[in-house]
Amino acid sequence: MSTWSWSYVGHIMPDILKGLLVTVEATLLGSLISFVLGLVWALALRSSTRWVRWPVQAVTEFVRSTPLLVQLFFWFYVLPSTGVSFSPLTTGVLGLGLHYSTYTAEVYRAGIDGVPVGQWEAATALSLPRRHTWTAVILPQAVRRVVPVLGNYVIAMFKDTPLLAAITVLDMLGEARLDSAASFRYMEPITVVGILFVVIAYPTSLLMRALERRLGN
Amino acid sequence: MTIGLFELLLKGLWLTVQLTVYSAALAGVIAFIVGLARLSPLWIVRFLSGVYVEFFRGTSALVLMFWLFFALPLTGWQLAPVWAGTLALGISYGAYGSEVVRGAINAVTPAQREAAIALSFTPWQRMRLVILPQAVPTMLPPFNNLLIELLKGTALVSILGISDLAFNAQLVRLATGNSAQAYGIILVMYFVVAFVLTRLMRMLERRAKASLGQGPARSAAKPAAVPPTALGDAANDAIETGGGAA
Amino acid sequence: MATEATGNEKTGDENVDTAGGELVRFEKVVKRFGGNTVLDQLDFTVDAGKHVTLIGPSGSGKTTILRLLMTLTQPDEGRILVDGQPLDKEVRKKIGMVFQQFNLFPNMRVLRNVTEAPVRVLGLSKDEATERAKELLEMVGLGDKLDAYPTQLSGGQQQRVAIARALAMRPKVLLLDEVTSALDPELVAGVLDVLRDIARTTDITMLCVTHEMNFARDISDRVLMFDSGRVIEAGPPEQIFNDPQQQRTREFLSAVL
C-alpha cells in the first residue's frame, strides 16, 4: 500500500488534469473579479464623503481579516436561502474574488499613493482636467507599481483554490480526493497535486519577479 | 441558538487560538533558522534553504495539510490531526516568514557589519548584538500580516475534522439550520481575534522602535527635533547650528 | 589617560615598547576591483607612536588601505604585517577604526556602544568596561550623554562617541577614515580638537585619511601623498605642504588648499 505506483499515477492523471482546468478557471475568473472590485474599493476609499469611505473601510477590513474558507461556507449555505442559486464553482469564484479584492484594493491604494504629490500639483498647474490627470498622469505611473504585485496575488489565489473543494467544487484537490476515496490510495493523488502546484506557481512567481525588476526602473 | 451551542463555538474558538499560537511559534522558529540559512556563506546551505522556501511558498497549505494527514501515515508516520495541521501551517508560514527575516537582515546597512568587524566581534556576535536587534523592528509589521494570514489559515484544519471554530460552526449550522447566524457569529469572532492580535503587534512595534531610540519612550531630553535616520542627523546639525550644507 | 589608550591587553611577546619599532608594514600589496588596480605594488610602513596621514585625490586607494588593515577586504597580492605578525583576527584586535559615517549601533545607548566590544571581545568585566567607557566619554566631552541613543545625538557628537568606542578597545593603531567629511562645517572643529588631544596626550599610532589639510599639517609626523595606487611622495608635513617635490602633489594641494 505504501509503495509508490506510477501506473496508478498514470491512471488518475486525466482526472487531475481535468481538476487543474477547473483550478485555472477559478483562478482567472476570481482574479478578474478581484481586480475590478478592488478598484471599486480603492476609488471608494478615496471618496471625499466619509459615508462612502467609512463603510467600505469597515467591510474590506472585515473581509480581509476573516478566513476565506468560512466566507466560502457562508456564501455556499446562505446564498441559496436568499433565493439565489449559483453553482458551487460560481459561488467559489465569487467568494475568492471578493476576498482577494480587499487585498487588491490595498495594492491600488499603495500604487496611487506612490505617485509623488508633485505630479498632482504639476497636473493642477497645467490645468489638466481631472479625468485627464488620472488617465494620462497618475494611472500610467501607478500601473508599473501595481502590476507585479497583482501578479503575486494571482499566484496566491491559485494556491487558495483547493479551498473550493470544501464546497464540493471538483478542482485539483477535489478530484484527488475523489480518486483517493475510490481507491483508498492517498499518497499518489495528493503528492501529484502538491507538486503540480509548485510546478505551476514557482515559474509564475519567477516571471513576476522579472516583471517587477523590469517595471521597477 | 442555545447556550450549549454557543459554548461549542467558544470551545472551537479556544482551539483556533491554540492552533494559531502553536503554529505561529513553529513558523517563527522556522522563519529565523531558514532566513539565516539563506544568508549562509556555504552555498549548499543557501541552496537547500532556498529550495525549502520556493517549494513551500509554491504549494498550497491545504494540499500540504492533506498530504501530512492522509499520505504521510502511509510511510509509517502517524500524526494526530492537530499536529498535522500545526505542522502544515508552521511549515508554510515559516517559508513566508523566512523571507521577511532575510529581507530585514539585508536591509541593515553593510556599514553596521563593518563597524562590528572593526571591533572584532565574531560573526555570531555581529548577528546577535548588532544586526538582529536592528532587523527585528523592521520584521514586525510584515510578521503581523503573516500572523493574521496564519489565523485565517487555521480554519483549514476543520476540513481534517479538527473541532476548531470553523468546524464547530458547521455543527451549529446542522443543529440550528441557520447558516447565516452560525457563520456570521464566527466571522465576527475571527475578526475580533485578528483585531486583538494586531493591537498586540502594534504594541511590540512601538517598543521595538523605542529600542532604537526612535520612539517617544525614555528619550533622554535631547536636542529638539530628532530625525530618525543617520542621514537626517547631518540635517539636524545644520538646523542646530544654522550652518549651510557640507 | 596618557598610557591607557596604548597598551593592548595581549601584548605578550616582543614590541611591548612602542617607541621606535615598525608597527604597520605593507609589502608589495596589490588590490584590484574588477579590472581596476586600486593599489599597485604598494610598500609603506608606519612606525609605532607616529601619526601618519594619507592624502591624495579620491579614488587613489587611501580608504582601501584602511579597509585592508581592518580585514574588511583582502589583498590580491603581497602581505600586510601589524606588530610583526601577518594580519588575522587576533592581530586585528590591535587596530581600531573610526568611520566617515560614524556607524554607531543604533540599538544600543551611548554607554553600551562603548562597553559592548571590551566586554564581549576582550572579556572585561562590565564594571571595568563601564569605568573605562565613562572616562573616555568624559574625555570626548560627552560624559552627560551616556543614556542617549545615537539617533538623539548630532553628527559631531556621534563621531566623538565613535572615537571613544574605538579607543575603548585600547588599540595600538587607530585608523581614521575621513572622520569629518560627513559633518557640517561647524561641527568639524569639536571632533578635530578631540583627535588633536589624543594625538598629543597619548602615544597611540594613528593612520588617517583626510581632506582636512590643516588637520593633517597639525597632527601628522609624516604625510604620504597617494596617486593611482602608489605613494608618490612622503615626508614630514612641512615639506609636503610647503615644498612638494612632485608635480602631482603640487597640483593636488593647490586644488584643495
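Think of it as A, B and C in the order they're written, each chain with its own count starting at 1.
FYI, a contact is a pair of C-beta atoms (placed from the backbone, for glycine too) under 8 Å apart; a residue touches a chain by one contact, two chains touch by 3 or more.
Predicted, not measured: the structure shown is a model, and the values here were computed from it.
Engineer: What chain lies farthest away from chain B once each centre is taken as the mean of the Cα atoms?
Structural biologist: Of all chains, C has its centre farthest from that of chain B.
Engineer: Which chain is most central here if centres come from C-alpha coordinates alone?
Structural biologist: Here the chain at the core of the arrangement is B.
Engineer: Any idea how many Å lie between the Cα centroids of chain A and chain C?
Structural biologist: About 56 Å separates the centre of chain A from that of chain C.
Engineer: Between chain B and chain C, what's the gap in Å when you average each chain's C-alpha atoms?
Structural biologist: Each chain reduced to its C-alpha mean, chain B and chain C end up 42 Å apart.
Engineer: What is the distance in Å between the mean C-alpha positions of chain A and chain B?
Structural biologist: That pair's centroid distance is 22 Å.
Engineer: Pull out every residue in chain C that's touching 2 or more other chains.
Structural biologist: Chain C, residues with two or more chain partners: not present.
Engineer: Any idea which chain A residues touch chain B in the complex?
Structural biologist: 1-2, 62, 65-71, 73-74, 77-78, 81, 159-163, 166, 173, 176-177, 180, 186-187, 190-191, 193-195, 197-198, 201-202, 205
Engineer: What does chain C use to touch chain B in their complex?
Structural biologist: These residues of chain C touch chain B: 70-72, 89, 92-93, 95-97, 99, 101-109, 116-117, 120-121, 145, 147-156, 158, 165-166, 169, 181-187.
Engineer: Where on chain B does chain A make contact in their complex?
Structural biologist: Those in contact with chain A are residues 54-55, 57-64, 66-67, 70-71, 74-76, 148, 151-156, 158-159, 166, 169-170, 173, 179-180, 183-184, 186-187, 190-191, 194-195, 198.
Engineer: Quick check: in the complex, which residue numbers of chain B touch chain C?
Structural biologist: Its residues touching chain C are 111-112, 114-121, 125, 129-130, 133-134, 211-214, 219-220, 222-223, 226-230, 233-234, 236-238, 240-241, 243-246.
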